[in-house]
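Have a look at the structure below before the remarks.
As written, the chain order gives the labels A, B, C, D, E and F, with residue 1 at the start of each chain.
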Amino acid sequence: MTQPPISRFSVPALDELPPDIQERIEAVREKTGFVPNVFLALARRPDEFRAFFAYYDALMLREGGLTKSDKEMIVVATSAANQCPYCVVAHGALLRLFSKNPLLGDQVAVNYRSADLDPRRRAMLDAALKLATAPQSFGEEDIQLLLGHGFTREDVWDIGAITSLFALSNRMAHLTDMRPNEEFYTLGRNRS
Amino acid sequence: MTQPPISRFSVPALDELPPDIQERIEAVREKTGFVPNVFLALARRPDEFRAFFAYYDALMLREGGLTKSDKEMIVVATSAANQCPYCVVAHGALLRLFSKNPLLGDQVAVNYRSADLDPRRRAMLDAALKLATAPQSFGEEDIQLLLGHGFTREDVWDIGAITSLFALSNRMAHLTDMRPNEEFYTLGRNRS
Amino acid sequence: MTQPPISRFSVPALDELPPDIQERIEAVREKTGFVPNVFLALARRPDEFRAFFAYYDALMLREGGLTKSDKEMIVVATSAANQCPYCVVAHGALLRLFSKNPLLGDQVAVNYRSADLDPRRRAMLDAALKLATAPQSFGEEDIQLLLGHGFTREDVWDIGAITSLFALSNRMAHLTDMRPNEEFYTLGRNRS
Amino acid sequence: MTQPPISRFSVPALDELPPDIQERIEAVREKTGFVPNVFLALARRPDEFRAFFAYYDALMLREGGLTKSDKEMIVVATSAANQCPYCVVAHGALLRLFSKNPLLGDQVAVNYRSADLDPRRRAMLDAALKLATAPQSFGEEDIQLLLGHGFTREDVWDIGAITSLFALSNRMAHLTDMRPNEEFYTLGRNRS
Amino acid sequence: MTQPPISRFSVPALDELPPDIQERIEAVREKTGFVPNVFLALARRPDEFRAFFAYYDALMLREGGLTKSDKEMIVVATSAANQCPYCVVAHGALLRLFSKNPLLGDQVAVNYRSADLDPRRRAMLDAALKLATAPQSFGEEDIQLLLGHGFTREDVWDIGAITSLFALSNRMAHLTDMRPNEEFYTLGRNRS
Amino acid sequence: MTQPPISRFSVPALDELPPDIQERIEAVREKTGFVPNVFLALARRPDEFRAFFAYYDALMLREGGLTKSDKEMIVVATSAANQCPYCVVAHGALLRLFSKNPLLGDQVAVNYRSADLDPRRRAMLDAALKLATAPQSFGEEDIQLLLGHGFTREDVWDIGAITSLFALSNRMAHLTDMRPNEEFYTLGRNRS
């Protein structure tokens, strides 16, 4: 069977890309063992590629009050609400890896309300989902709920900004019909 | 009366900001005559600020098949669906200026379906609105409709990517309760 | 450029109209300086015209607990939820004029939740929006919330009845594709 | 058991009402055998009462392309979408009487799509429901569909205007918690 | 006039059915005086027929904390939300009979929130409606609300299971376009 | 860590159950290697248990035009729309096993519209989703679409009836907070 394409837009050959983008892609391949398709699907517009990954790094690699697992939970829960295959499958894998919980990716993807989460994380996802799906109703009372669960104002910004970035990311994935790499489906599924 | 704050998060003093951000802000002040609040509200996180405006420039300043007025229409129509005061008011002003039509900002903000638009622009906004509000239903048939109205595949990417960027931007504005500058309310309202 | 029509239904010539309707239209022209298109678009059915404006006068000119500005807020907020160009643009102008606040029309039209409003007016609009968009859920608890903010029972009736009248008005405007007069876009936009 | 009140607002005694309103109410009692509660619930605001019933008469008694049964169908179908007890129960009775079909009131109230209706009436109700529940999407294509089923432009106005009037009426009924007279539940239920 | 069919799928002749199904149908005819169409519409698949009515009997005939009238209320309210003609009309009749209240069927069908119900039954229907229309949001807090109104855990199961069975039943009725027997429209409409 | 409970209702010990239910549970344990939690969660009400599994067997084991993989697709897609963890996780596993496609479970769960499916199966799921989430709009045109893709009327019944059964099943799972067995998360994930 021929492999379905990874994007409905053209995907450039690696060696045609600007050197900084080639380098970034090689670095991720080295670290992860494969090139996640989002790098290839976005590379056809180098300036947008650079901005996207700069934004991604600024939020997802930032040291702060949220753990890596918290951040991935936000990504998976909001991307599931947008029914985004790439983001749910790829970040579901990262959530399993970072949380060391092989069930959490699917739990959060299907219905975060019944996932094995403490009340603080449930509140975090309630706020993220509201900003993702009904942003016009997000208000001061949502901020106060988060502060009441012990999040700092910087944490609140992180929760909101990650939700916002994946509002963008989910839509780019739907625009391009971006296909998750097969590797993501099984990563982190075994109890260690 | 005291002026309401421009963001519910802290706003740094200009002279505390990294030099490149100070420069960018001074440049816009010089060109526009005032500093749009989005620059101040986002400046507290310099890396995210840089990524946001790099993304913005990559799409909004890009030469291509869409006019500046087309791009602002997409921003206003999708931001209105998200009921985002900052984006509707600020980009409504830009839409009036670029289109030289003092009515178009409000028309597109209230109901783009009844605005004075040709069928090609109506199709452009139908696709943008679908991606903005029901991204899980956006598919190949939407792409084909756009191509059928004479848009190229690069135009389609622009339409989708601008919609995606403002899905992010609207949510950051709701997160921060970002307040539009008073100047935007009246810019471009007179027939030239 | 030819002016787009003010209605998708036929619009009678003024001198063909019954004398009482001609008089009413001349009176508004004298007072306002132009004839708002709603008068022309509805005039083709004189009995319905008379009933509509009798209802309008009974509510909008009635002395009571709501200010003229309060009433226009209800009209703008509920008409924005119905995306009604005529009502949002025309009554946005009236709201600017009556409130002497050049920003309030757009603020309430885009998202009344983030407009510069005290909690009492926010509660007034919450109730109006619920009755406008989910009337089947409106109940005694909504009445009690309004009374708790100091509204009298007559004020509650006014809030509900104005909302109801513009539920009608918005739909007539959509039915006829009623076009706002250009004058409304700029009225009341300057700080006095 | 004490009878529940017919409105959550005060209901004036008949002999306190202005003579023209007393006369109207006596006339309907004579004709119908009882006073439908809508007359009593709205009478506390005589000017609004007069405007409401003038509007009602202008549309519901008007000679034109729609039959009395067609008009009641529009009222029942749109009021059911708004879950309005008074309008569904009272006009369901009128629909049974005018159509001489004892099943039609309940059929249209529960789901007009599966009621025993010809395609022309199905199209009429499709348009009415769209204007009632998603007025912002109502447009020229809906008008054309109606014309294609043989409705005239005046019929289209009637369909839209009746829908609009009951958008008002349903909301006044929810505002007042208006109670249907018990008589309406059984009227017209027997095959003649 | 020819009678419309009772199902859009074929309906077997009674004497072609397995003996146990013939017996069940004859028993209901004897008791009720006519054969409710659901028996005929489902009989073409005997195993599914048997499972459906076994489930029905297990819940609807079970002795427990809910009265027969309570159970029918749940059926009518949730079926009305699904706009299911067969279930609303047939079980509306049963609700009138069991409650000895000729108004309750229509009240619950049109808008259970304004029906003549005590707070306990209102809470029962709130929970049933949530499980029927937004099952993903149903959670422990809904269980607690029911317990707080004096329902036992077995009652809660009954409320949820009846709602679940009619989620199935409503969809089978829409699938087959199942037609209510004319007898159901008038049963139980007279004050005894 | 203590294992979370498999249901929020009491779960009977196996040896307290009626013999036929014990046998059924032992049979599935023998065949599958573990007891799926749905058997335990429903066993507290033996008559409902028997009816549920009789219905399940009648549809899921029936020989007909739909393959086992087709049936599981319907279950996964409609259960995902209802955000039902038990059904999505357990039947996602069955879908992987029956289709011998380790990606299909997640693809259909996240967004069946972008899953690797031929147009016939896409149409099957479009119909199932409509009946699951907007049953009041399901009509003859949906039947015709399925027939146009080569489904027989018996296939249409199967598609609708499986959708209906899982409308019930999803709600019972939400009612009981039914927890998927850990085994289901990994079954069928390897390419054979």
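Quick note on the criterion: a contact is a pair of C-beta atoms (placed from the backbone, for glycine too) under 8 Å apart; a residue touches a chain by one contact, two chains touch by 3 or more.
Computed from a predicted structure; not experimentally measured.
Under the touch definition stated at the top, chain A and chain F share these contacting partners: B, E.
Contact with chain B and chain D alike is made by C, F.
Per the C-alpha superposition, chain C sits rotated 120 degrees relative to chain E, a value rounded to a multiple of 5. Centre-to-centre spacing of chain C and chain D amounts to 24 Å, using the average Cα coordinate of each chain. In whole angstrom, the spacing between the mean C-alpha positions of chain A and chain E is 44. Between the CA-based centres of chain B and chain C the separation comes to 29 Å, rounded to the whole angstrom. Touching two or more other chains at once are residues 83-84, 111, 113-114, 136, 139, 177 of chain E.
Taken as a contact graph, with one node per protein chain and an edge wherever two chains touch, the assembly fits none of the named shapes, being neither a line, a ring, a star nor a complete graph.
On the chain B side of its complex with chain D, the touching residues are 111, 113-114.
Within the complex formed with chain F, the residues of chain A that make contact are 4, 80, 83-85, 88-89, 102-103, 106-107, 109-111, 113-114, 116, 177, 182, 185-186, 189-190.
Chain E meets chain A in the complex at residues 136-137, 139.
Of all the residues in chain C, the ones that touch chain D in their complex are 8-10, 45, 47-48, 50-52, 54-55, 57-59, 62, 82-84, 131-132, 135-136, 138-140, 143, 153, 156-157, 160-161, 163-165, 167-172, 174-175, 177.
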